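Chain naming follows the written order as A, B and C, and within any one chain the residues start at number 1.
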Amino acid sequence: MYFRYILRRLGQTVIVLFFISILAFALIRIAPGNPARMMLPDTATEEQVHAKEMEMGLDKPLYIQYIKYIGGVLRGDLGTSASYQTSVGSIIADRFPATLLLTAATILVSLLISIPIGIIAGIRQGSMVDFLAMLFALIGQSMSTVWLAVMMIYIFSVKLNLLPALGMGGIKYLILPAITLGYPLAAQVTRMGRSGMIDVLREDYITATLAKGIPESRVYTKYAFKNALIPIVTVVGLQVGYFLGGAVVVETIFSWSGVGQLANQAVGNRDYALVQSLLLVIAAGFALVNLIVDLINAKIDPRITLE
Amino acid sequence: MTIAFSEGLIKLDPHDQSVSTGITMNDMVFDSLYEADHEGGYTPRLATGYEVSEDGLEWTIHIREGVTFHDGEVLNADDVVCTFQRLIDTPTLNEVISYWTALSAVEKIDDYTVKLTLSEPAVAAATMGLANTVIIPNEAYETQGTALFTDQIMTGSGPWIFDEWVDGQYVHFTKNENYWNGGNDSYFDDVYIRFVAEASTAISAQITGEIDGYYNVSGIPQDLISLYGGSENLCELIPVPVSAIDYLGFQCGEGSAFHDADVRRAFSMAIDRQGIIDGLLGGGAICPGIANNKTLGYDESLNGEYYTYDPDKAKTLLESTGYKGEEITISSVSAFNNIALAICDMVNAIGFNCKAEVVEAATLADIRSTGDYDAFIVTAFHSSGDLYQFINWRVTGDAHHSDYKNEELNNLVNQSNQESDNAVRDDLFKQANAIIADECAPMVSLAQLENMQSVNYGITGVNFLGDAFCLLKDIDYDPSLEK
Amino acid sequence: MEEKLLEIKNLRVRFVTERATADALNGVNLTIRKGESLGLVGESGAGKTTTALASLKLLPRGGQMLDGEIYFKGKDVMRMSKRELLDMRGHRISMIFQNPLTSLNPVFTVGEQIGMVLRQHKGLNKKQADEEAMRLLETVGIAGYRLNDYPNQFSGGMRQRVGIAAGIACNPELLIADEPTTALDVTIQAQILELMKRLQKEYSTSLLMITHNLGIISELCEKVAVMYAGRIIEYGTVREVFSDPRHPYTRGLLGALPKLEGDRDRLTAIPGTVANAQHLPEGCRFHPRCEHCTEECKKQQPEMVQVKEEHFVECFRGGKFDG
């Protein structure tokens, strides 16, 4: 049952990716701007631009360009970047791990903090812990990422000289970007954990479990927790997908060479091949994460596979 | 030592660089035949001298002996030929488009003599090209081709050796102690150029000691200078007047509001340039026309009648034209939006109907290529203190389709292209500039820029150029200069 | 007389929410002895479930115990230590809940939900608990191999059986069944009833059967207590109370039963609506609906009076209306 569910979801994913490739192809071409012109200095003549266009294969009809592109993708060739002049595959392969690392660190940090806080706030509804947790969540949801990033640098880098402001390398370079990116997520998860927990604790089956003489601590950490987790997993999954797309702002401010910064640059340069393949790869990443989330959810809540 | 640059490298190919970091890299890792002082003068570097034929088409270059590349290979005519042949074979390279569109052939005369043949007497272009084009090793290039650049194994003959480039992060050079021109005895063994897009991050990093200097292509943003407060003994703030101008280009074709010269003049007179310089740019100078005090063609005595802020006069002039309040749009990228908005306010006060529009760089490139605009604002640099590129491409060549035509102007420029004597060219440029200033076409300059950069006290040899590049070739350290 | 298992004295419970205050229990007195089976009957909202939850100290949020005492085997439940409380719940007193669709945790197997009681109170390890759970499932009529199925794979009736299995797992001294068949259809009701009768015989557990179905009470219980507006208004053996109901409310309830055989009279409907716990009437809570209401009834709360050896009623007239 579970296995069939997985297969079904995989099939859906492939179809979605196919449509995304068409969408990416079309969208970047709708935007005004000529990639050939972008590659040349702004005083290039029309002949020079045209020569560049031919070199880049942009003079061919659209459907041929698409077929060439998708044919390459199916063979594993993601195209050649006009701005970098190297294979898109290698550029993405260079940058993706950085984004993955940042995403992983962000998820880890924010969940480790927010799930316990949210759950406890739900259990101790109305208490001081609850109040502080909600304050924590409110601030996180109201703050602008840019402001938080710059404040983090100002406090921890400039004033306290504890952490580096930029660059990549070891763990200490990861901390500030992960916190900046992770705080809004932590805020969301805290709220969901809290409201999820409150809802679950109201359910008859929790009263029934308590009536069986199971100690409260075990009811909260085992029997109510699993139920409260379901909406959290879904939310986290969506956010991970978003992070995989590369959090452009954070990556730019902290000089974290990930996929987000790359995508931003690529669109600005109208680097068609890079943009298309980036979108496809990011979409694939997002779809994969969604798939994993669905599988986790199906494991937690067996009602799903039986539908 | 580590210095932050605001622009990152996109590729290593020394002949296809479009970002200033690339120029810095070329200057460190390679040598060109001549060396420019970026204000109009040239000294021999790999070449010892050259002769140009009467018709300006044949250039015979003499190459220095005793130069070796980082891998030990000896530099001679073969390398020069290889370099220029590459340019001929690949006309889409940036290097070619900037300087060598007229290059048609290169020939080895003997081991230390090379002849270049041009298809037309593009003297000024070739002169600048000799100072910009770097020489690559032919043995390496013939066996590896462009893999030299894509696989990060390139070697040059310069005072620094290329070590590593991590895209989006940094590029790393090591000292070449065997540099042919007296070795390299810099205090620093390693130089890292870090790419930091976000100015506040770069400044924070400099204050905390993570980096030793910060070079921002557009100058350190005015409103962030205060971040250096408290670190005045560590970081030196260096104002660099550059031969770059912010300018506003007009669409001068028929049917456009700016077709009438008086409309343009009125527009120009309504702009309070000093106000923009003081309030938005944080420094700079007014320069009528397109020449400025760091380029040829600058005439201090030029009467910039239409560059003097006089809203009453502007209003009267505008009323005398046929302008009936048609809507005008100034297009620019977001960085210039505040200038555009300020200008709108100023001109609208005397009767124009003007609004500002923010566009993406790619879109701006598009509309300028078709002429589909009313006005736009950009920055332009005058390389090497010469007006050659600006005036040929943006003015007479009308790269941005402003449809402005002026026979007299074109003649002056063509003459200057064929002159090799810079004194004569200077005079020709002065005349051309006077026309541009008087006609207010195809553009009016807004200000000559003054960029702010920063390097820690004690570090020497960081050369901020008048054309806004930053050279690190001679970087060194003098502890006595620390505060 | 047999030992008193559960003794509730003058229990008053109030529910406070932002919107309203409801006096759910207004002086409940109830005693269940060892081996007894007591039916607690009344309409929805009378306070039956609240009484049961209060005995286990499981009042939901917003519920306050204003007054009264609850003793289990002589011990004051409200003063019990945590350990004593946990030992009581699920072990000495078990509760079967009303809605089988919501009283089982959907993300745990039925085996887990039965096993948890065994592991908690009998110290069994997982394997032992699973074996015992399987046996219990068989006892309530469910195939043992379904141990690792999830609640949503069972029908309502079967889920209730699972609830019952968990309830008897530790052989409790008192089983509280809160409307165990209300959510099920009639044929399934009969099956569950059969099951409970059988278990009653096998396990000799005391039973507190909460229901509004008088038929079930007559099948399963010896004693019956009738609840109205948070008070017990009539109490006695089933035989007594059903053959000779004294309180006008009880009369109304019994009169409202459709007869399958014999003369079919008009069904008696009790006039008026159930007392609103948020706005309880003064005096006897039932007085607005009582055709025998007097001035005294409107002002004074009647006390429980004994009318026969095993028959008590809360009414000034003692239930004597027709001479």
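FYI, a residue touches a chain if its C-beta (ideal position, glycine included) is under 8 Å from a C-beta of that chain, and two chains touch if they have at least 3 such contacts.
These figures come from a predicted structure and were not determined experimentally.
Engineer: Pick one for the touching-chains graph, please: line, ring, star, complete, other.
Structural biologist: If you draw each chain as a dot and join those that touch, you get an open line.
Engineer: Report the chain closest to the protein's overall CA mean, measuring from each chain's own CA mean.
Structural biologist: Central chain: A.
Engineer: From the C-alpha centres, identify the chain that is farthest from chain C.
Structural biologist: B
Engineer: Where the CA atoms of chain A average out and where those of chain C average out, how many Å apart are those spots?
Structural biologist: Here the centre of chain C sits 53 Å away from the centre of chain A.
Engineer: Rounded to the nearest whole Å, what is the centre-to-centre distance of chain B and chain C, using the mean of the C-alpha atoms as each centre?
Structural biologist: Averaging C-alpha atoms per chain gives centres 90 Å apart.
Engineer: Chain A to chain B: how many Å between their CA centres?
Structural biologist: Distance between chain centres: 39 Å.
Engineer: What does chain C use to touch chain A in their complex?
Structural biologist: Residue positions touching the partner: 53, 56, 58, 60-61, 82, 85-91, 94-95, 97-99, 102-108, 113, 116-117, 120-121, 150, 152-153, 163, 166.
Engineer: Taking the complex as given, what residues does chain B use to touch chain A?
Structural biologist: The touching residues are 10-11, 13, 16, 18, 91-92, 94, 97-98, 146, 150, 166-169, 194-198, 200-202, 204-205, 207-208, 210, 360-363, 365-369, 378, 389, 393-394, 397, 399.
Engineer: What residues of chain A sit close enough to touch chain C in their complex?
Structural biologist: 202-215, 223, 226-227, 230, 300-303, 306
Engineer: Give the list of chain A residues in touch with chain B in this complex.
Structural biologist: Residues 31-34, 37-38, 40-46, 48-49, 51-52, 55, 83-86, 91, 94-95, 150, 153-154, 157-158, 161, 164-168, 252-255, 257, 261-262, 268-270.
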